[in-house]
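The structures considered in this document are given below.
Two complexes are shown next, each including subunit A; its partner changes from subunit B in the first to subunit C in the second.
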Partner chain A sequence: MSVGSAEPALVTSTEPVATVPRSRTGSGVVARRLMRAATKLVQTAAVVLVATVVVFLMVHVVPGDPARAALGAQASPDAVLALHKQLGLDRPLMVQYWSWLTGALHGDLGKSIMLTEPVTTLIKQRLGVTAELAALALLESLLIAIPASAFSARWRGRVADRVTRMFVLAGIAIPSFWLAILLILAFHNVLPVYGYAGWAAGLWPHLSHLLLPSLALAAGQLALTFEVNRVGMIEAIQDEYVRTARAHGISEWRVYLSYALRNAMLPTATVVGLQVGYLLGGAMLIETVFAIPGMGRLLITAVIARDYPLVQGGVLVTVVIFVVVNLLVDGAYSLIDPRVRRGQRG
Partner chain B sequence: MAETTTTTESVATTAAVAASTAPPRTSVIGRIRQDWIASFACVIVLIYLVIAIGAPWLSPQSPYVQHLQQILQGPSGAHLLGTDGFGRDELSRLFVGIRSSVAIGAIVAGVSTSIGLLLALVAGYLGGIVDFLISRIVDVGLAFPTLVLSLALITAMGVGARGTAIALVLGFIPFTARVLRSAVLKVRQEGFIESAQVTGVHPLRVVIRHVLPNLVGSITVQTTLVFAYAILGEAGLSYVGLGVQAPTPSLGNMIADGQTQILQVPRLTIVPGIAVAVLIMCLLVIGDALRDAADPLTVR
Partner chain C sequence: MDDTDARLARLGLVAPTRRGFLAGAAGLGVLATLAACGAGGSTASTSTSGAIATGKPKRGGVLKAAIPEEPFPHAYDMAVVGSSTGTERVAYLAYNGLTNVNQNNEIVGELAESIETPAPTRYIFNLRKGVTFHDGTPFNAAAVKANFDRIQSPKTNSPRRISVIDQVKVLGPYQVEMTLTHPYAAFLGLLRRTKIPMQSPTAVEKYAASDSFKASVGTGGYQLTSYTKGNGVELKRFDSYWAQTNYFDGISIKIIPSQPTAIEALISGGMDFVRVGPDSVASLKNNSNVRVDAADDTFVDYLSFNQKVAPFDKLEVRQAFSEAIDRAGLVNAIYHGLAEEAHSPLAPGFAQFYASDATVVAQKYDATAAKASLAAGGYDTGSKITFNSFTDVPFAAEAQVIQQALSSIGVNTNLRTQDFTSFATLFYDQRTYTIGNSQWNGSVDPDEVLTNLYGPEDGTTSNSTNAVDPVMAQLITAGRSTTDVAKRAEIYHQASQRAAEQAYYAFLSFPKVLAGLSTKVKGYKSTIGGGWPIDVCWFG
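Let's turn to the complex of A and B:
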C-alpha cells in the first residue's frame, strides 16, 4: 500500500506509524479508539445475527414443504415424511432456528440432502478454490485498475483519459461469464479452459487453470476501483500539499504517484472491501463457465436441487466472510490513515 | 481551518467557471441532447425498447418451432442470423430474448426503485427511531452480495422468471433505499422545506410537493443503473439455469445454449452477448450523463 514512502518529509499525513507521539495515548485517545472498535464489532455482530434469521426464515416463509420441494413431485409421502423429520421440520420454528444457530456456531450446518454429506465438509472442500480464484481476480483488478486510474487522472479530460474510461465501462457492461466464454474461444489452444488443478499438480498447471477465470472475473470488478481511485487522485491533486510538492520541483509523475495516489488509496481501500462481495457473487458464474469445483458451483447445484441445508449453510458462510472482510478493511483503514488513527475524523 | 476555506474557495471558483462557460441554464433533457454520445445511447436503448415491446410482431419466424433438418445454418436470406442447434430462427430468438431480459430488467428497476424510494422517504423525512430501524434493515440487506441473496431467494421460490425477478427486486432494494435516503436528507436541509413545515403545511403535502420533485434526478439515475444491473443479473442467473427457463429465450440462457457449440458455431454465443453488452453500455452512459446533468459540479 505504501507507494513512494521515500519522500514523507513534506507531507504531514504520511508520517511513519512509529512516530505516533506517546503522549497522546494518555489523553483518552486509546479509550476512544477502543470504543469505536467495540461499537463497530457490536454493530457487525448484530448485522450477522439478523442475517442468520433472514437466511433461516427465507426457506420457511414460502408456502409448501421444503422436504417435498427437495424430493420432487414423484416422491412417496413416506419419503417426504422421513426427510421432514430428518430436517427437524416438525419442531416449532424457534426451536429449529435455535438448534440451527447453535449448530452453526459449533461448525455443524446440517447434512446436504442431495450429497448426503455434512454441509461444513462440503463447504470446506470448495471454499479454498473460490477464495483463491477471488483473491487472484482481486489482485489482477488492482494491478490493472490502479495504474490505469493514475494514467487517466494524469491526462484527465484528454483523449487518453476518455479512451481508458470507455474500456473500463465496457468491463462492467460486458457480462463476466460471456467474456469468460470469449476467452475460452480465444485461448483454448494455449491454456487449459476447463476444470481445476490443485497445487499437487504443480505450480504452472495450477495457476494456468485459474488464469482465464480470474481475468474474466477481474474485468468486471476493476471498474469501481478505477473510478474511485481516479476521482480520489483528481481531488487530491488539487490539495495544498501537492502544490507545495510541485513548488519543490518534484516531477509531475512523482507528484501523481507518491502524493495523489497515496491519498486516493484510502477511499479505494473501502471499495476493495465491497468488491469482495461482488467477487464472491461473480465467482459463482465464472466457476460455472469453467467447470471449477468451487463454492459457487456447489451453491448453484444446491439451489437447482432445492437442497435447503446446503443453500442455507453456503449463503451464511458467504455473508459472514463478506461482513468480516469489510470489518477488517475498516480496521485497516484506520491503520493506514493517521487522521482516523488519532481520532481526528468522525 | 485554512483547509476548509481553500476548499470552499476552489468550489466557488469552479462554480463560477462552470456558470460562465456553461450555456444558459437548460433542463436535464436539454443537457443530454448536447452530449452526442449520450444521445446516441438513448437512441439505441429506444431501439431495444421497440424490439422488446414489438418482438411478437417483429420476429420474422416463430422462436420456438424447430426445423431439425436446418440446424446450425449460417446467416441467409431466410434466417438473417442463421439457426440454432434445434433449427430455430436465431434472429427471432434474439428479439424474444431481448423481450424477456428487458421485461425483467424494467420490472426489477421499477419495483425496487419504488420500494427503495418509499423506505427512503419514510426514513429520511421522519428521521429518529424510524430512520434508525430502516437503516439497520438496509444494513442487513447490504451484508448479502446481490447474487448470493438472489440464490437463496430462488431456492425458496423455485427457478424461473418470476423467482428471478422477485429475487433481484429484493436484492436491489437495499441499494436504492441507501442512495435515495441520502438524497432525501440533502433535500430536507433546504430552506424551502423548513418554511413549508413552519407555515403548517401537512407533512404528506411537503413530501409530495416539495421533496419528491427534487428527487427526480436521483430517481432517474438510480432507475437507469438498476435497470442495467438487473439485466446483467438476469443474464447471469439465466445463464446458470436459475432464471428464465427453456424454451423461452432470454439473453442469458441463449448464451448458455450457444456455449455448447462454442467452438463450432461461436456466432450463437457471441450475438446474444453483444446484445447484452451494447444495451448495458448504453444504459451506463445514459446513467452517467444524467448524473452529470443533474449535478454538474461533481469531479469527472
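Let's turn to the complex of A and C:
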C-alpha cells in the first residue's frame, strides 16, 4: 500500500463485498449498464412528464386570469373576456394541455402572453445569466466552505472551531433575501446593488454586478457544504490510514489536506451536485432583490402575470436541468468512488 | 430674447392665436411647462410637487430612473397596450398626444395647436406644423386619422378605443374633425398623451405585426432605442423635438422590482428617480442628496360593497361599515399622513370639481352612529363575512386596519389577501366577492371616475359594486353634457354627495403620489392622469 495515495481507504474498508453473482463477460456488463441507463432515462422522462402535469394543473387551478393581468386593473370586463377567448383560454383544460405538450415535444414551448416572445427565446436569454450567478455562488461557497471546514475540523471543539461554525451556520439561519438586503445596505456605496452588466461591459463591471448577489446566494449553500465536509473530515482523521500517515511523520497540515480532506470530499461532491438545483431555486429571490434579469425573475414575472406558457416552459426547463444534473452527479459519483463502479456501494 | 422666449416664438405661442378657445390654453400649457422648469429640486426632504425654485434649464446627462415592473404586453405600441400606469409612464417620454395635462393639471392642446368646438359633438383640431416622428414620418392630419382608424377598428381590439367617437375626418393637411355620438365634456381628456399617444403610421404599418417595440415611434422628446425584457428601457434625446424641452442626452430606465433596492440605488447615486411608498419616506428624510416629491392626485382608496350579496343591499348596513372607519387614523397608520381623508370619490387633484369636507357631509367616522346603523339594518353580528384584499402595498395593511375598525362595532370578517391578479379576477370580472378594498387612479376628469365606479353593470366599466343608481346615472350624463366648468363643478358636488350618502363604496383616502429624486434633478412637477413629466427636467 502506498501511504501517499488516496486509495488506502479501500484497502482498510470494512464494508461487505457484494455477493450477488454477476456476469463476468464484457457483453454482460455492457448489457447491464445499458439496461440501467435505459431505466434511468425512463424514470427521468416520467418525472418530467409528471412535473408538467402538476405544474399545468397548479397554474390553472390558482385563481386569476392572464387576460386580466395583461390588460390591467382598469380594463373593462368585456375587454378581459375578449382577450381570454383570443388566447384560447376558454378551451377545455385537456385540450390546452395536449396542445402545449405536443408543441413542447416539437421544441415549441409557445409564446409568452406577457412578454409576447417565444418562450424558448426568453429562456435562452435568461438561463445564461442565472447559470453564471449560480456558478459564481457555487464557486464562492466552495472557496469559503472547504478551507473553513478543514480549519474547523483541525481545531475541533476549540474556540476557533466554534467561532467559525457560528459565522458559517449563520448563513443557513439568515434568510437569503434578508441577507441580500443587508448586503445592499452595507455595500451600496462600493458595489452596484442592482442590474446585470454583460461581459461586453468589461470584466470588473461584469463581476461587480454579480458579487453581492452571488454572495447572498452562496451563504446558505456554504453552510451546508461546510457542515458536510467538516463532519467528513472529522471522521476521516480518525481512520487508520490517517494514523498510519502520522506514524510515518508526515506533517499535520499535509495529513489534513492531502489525506483527510481528499476522502471527506466524496460526500461533499454529492451535496454540491444536489445544490445546483437549490441554487436555481434560490436565484429567484436573489434575482428579484438585485433586479437581475435571470430565469428566477422571469418565472416570478410569469407567475404573477399568470403567463401560463412561460410558467410551464420555465418550470419544464428547470425540472430538466435538475434531473440532468442529478443524473450527472450519479455518474460522477461512480467515477469519483471506484467502489460504486464495483457495486460495493450505492 | 432668451432661450425660453425664442422657443415660444418658434412655437407661435408668444401671442395667443385667434382660433379656438383652447389655442390659448395650449400655449399656456407649454408656458406652464417651461415656467415650471424653474421649479423643483432642493435638499429639502419632502416637498409639495414643484414648489421649489431653481435656475435655468441645462442640456446634458443621462437620467437614470427605476420602474417596479415589466411593461405590459406589446410595449410600447400603445394602441394595443392595456391600462398599465407603469407602461404609460415610459411611453409618456416618447410620445405626444393631441392633448395633454399641463403642470396646472389642465387639459390643453399638445400636438393640436388649437381646438375648435363648433357644436357640442364636433371638435376640429388644428395641428401643429413642422412636427416629425422619430423615424422622419411627418406628423399631419393623415397620421392622426391613421392612428384613430387603427384604435377604433374592431379588428384591432384596442383597449383604448373611445366609444363616443362616431367619425374622424381629414379636413386639410393639418386639420382633423372628430364627431361624437353625443356631447361629452370629458372628451379632450380622453385624448391625452398617456391614453392616445400619436404613433408613426409608417412604423405601425411596417412593424406592428412583427415587433411591437419597433412600431413604438412617437414625436416625443425622447426616442425609444432599446427594451431588454427583464432589464430595462433606453431612450435617447430626439434632437428634432418640436418643443425643445428635452434637456437630457438620454433616459435610462431599469426594472427594479424590490423597492428597498431601488431606494438604496437612489441613495448611493445609482438612480436619479424612483417611486417610493409612504413607508420609505422617513428613511429618505435625512439624506441631503435626495428629496421626496409628494403631490395631490386623483387617486381614491375605497371599500366596495357587493350589492348582490345580502345584507349590503341595505343602506343602513353600508353606512354602518362606512361610519366604523376612522379615516384620520387610517391615513396616519397607512400613509403616514401623505394622504387626505376621503369622504367621496373625487380627490383634491380634481381642483374645482373636488367637493370639500364642508360640502359633503356624509361618510365620516362615528363609532356610535355605526353601531346604531348596524342595528337599524338588522345586521347579524354573529355572522362572519369574507373581506377580500390583495398583497400590494399598502392595500393589505389598509385591509387590516379596516378589519379592526369593523371588529370594534361587532362585525366579524375573514380577511382573504391574494395577489393582485387573483383579486382582480374575483373583484372586477366575476364580482362574486362580499366586501373588498381597492383604488381608482390615473384619471383627469371626474367623469372617468364616476363612469367606472357607478357606470352600467354591463361589462364595460369597473363598477365592482354591481349597483344600479339611476340618480347617479343622471348626474353623470348631466356632467358630460356641458362644458361650463362652474355648472360641471356643481353637478359633481351633487354626485359626490350622492356617492357619500348611498355608500355603495366607503371612501377611505386620497393618497398623494410620491417620488424620490436626486436633488440634482430639477424641474419636476407631478401631474394628474398618470403621466411622467420627467421629460421636461434637467440636471442642475
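Assume the second predicted complex is superposed on the first by the 260 of 346 C-alpha atoms of A that agree within 3 Å, B and C clash if a C-alpha of one lies under 4 Å from a C-alpha of the other, contacts with A are read in each partner's own complex, and residues count from 1 in each chain.
One rule holds in what follows: a residue touches a chain if its C-beta (ideal position, glycine included) is under 8 Å from a C-beta of that chain, and two chains touch if they have at least 3 such contacts.
Predicted, not measured: the structure shown is a model, and the values here were computed from it.
*Asks:* If you stack the two complexes on chain A, which partner ends up touching A:G281: first (subunit B), second (subunit C), both, or neither?
*Replies:* Touch partner of A:G281: subunit B, not subunit C.
*Asks:* Mind working out whether A:P118 is in touch with subunit B, subunit C, both or neither, as first, second, both or neither?
*Replies:* So A:P118 meets neither subunit B nor subunit C here.
*Asks:* In the superposed arrangement, does A:G103 touch subunit B (first), subunit C (second), both or neither?
*Replies:* neither
*Asks:* Return first, second, both or neither, reflecting whether A:P267 touches subunit B, subunit C, both chains, or no partner chain.
*Replies:* Neither partner.
*Asks:* I'd like to know which partner A:G331 touches here: subunit B for first, subunit C for second, both or neither.
*Replies:* neither
*Asks:* Is A:I304 in contact with subunit B, with subunit C, with both, or with neither (first, second, both, neither)?
*Replies:* Both subunit B and subunit C are touched by A:I304.
*Asks:* Considering only touches as defined above, state whether A:V59 meets subunit B (first), subunit C (second), both or neither.
*Replies:* first
*Asks:* For A:I184, decide between first (touching subunit B), second (touching subunit C), both and neither.
*Replies:* Both partners, subunit B and subunit C.
*Asks:* Going by the contact rule set out at the top, does A:P205 touch subunit B (first), subunit C (second), both, or neither?
*Replies:* Neither subunit B nor subunit C is touched by A:P205.
*Asks:* Of the residues on subunit A, which ones does subunit B touch that subunit C also touches?
*Replies:* The overlap between the subunit B and subunit C interfaces on subunit A comprises residues 62, 69, 181, 184-185, 188, 288-289, 300, 304, 306.
*Asks:* With touch defined as at the start, can you tell me which subunit C residues reach subunit A in the complex?
*Replies:* Per the touch definition, subunit C meets subunit A at residues 66, 69-70, 72-74, 82-85, 157, 159, 212, 228-232, 254-258, 260-262, 264-265, 267-268, 270, 418-422, 424-426, 428-429, 438, 440, 442, 452, 458-462.
*Asks:* Tell me, which parts of subunit A touch subunit B in their complex?
*Replies:* 43, 46-48, 50-51, 54-55, 58-59, 61-62, 69, 157, 169-170, 172-178, 181-182, 184-185, 188, 231, 234-235, 238, 240, 277-278, 280-282, 284-285, 288-289, 299-300, 302-304, 306, 308, 311-312, 315, 318-319, 322-323
*Asks:* Could you pull out which subunit A residues touch subunit C in their complex?
*Replies:* 62-66, 68-83, 86, 113-117, 122, 125-126, 181, 184-185, 188-189, 192-196, 288-291, 293-294, 297-298, 300-301, 304-306
*Asks:* Which subunit B residues qualify as touching subunit A in the complex?
*Replies:* Per the stated touch rule, the residues are 3, 6, 10, 136, 139-140, 143-149, 151-159, 228, 232, 235-236, 239-242, 252, 255, 259, 262-263, 266, 269-270, 273, 276-278, 280-281, 284-285, 299-300.
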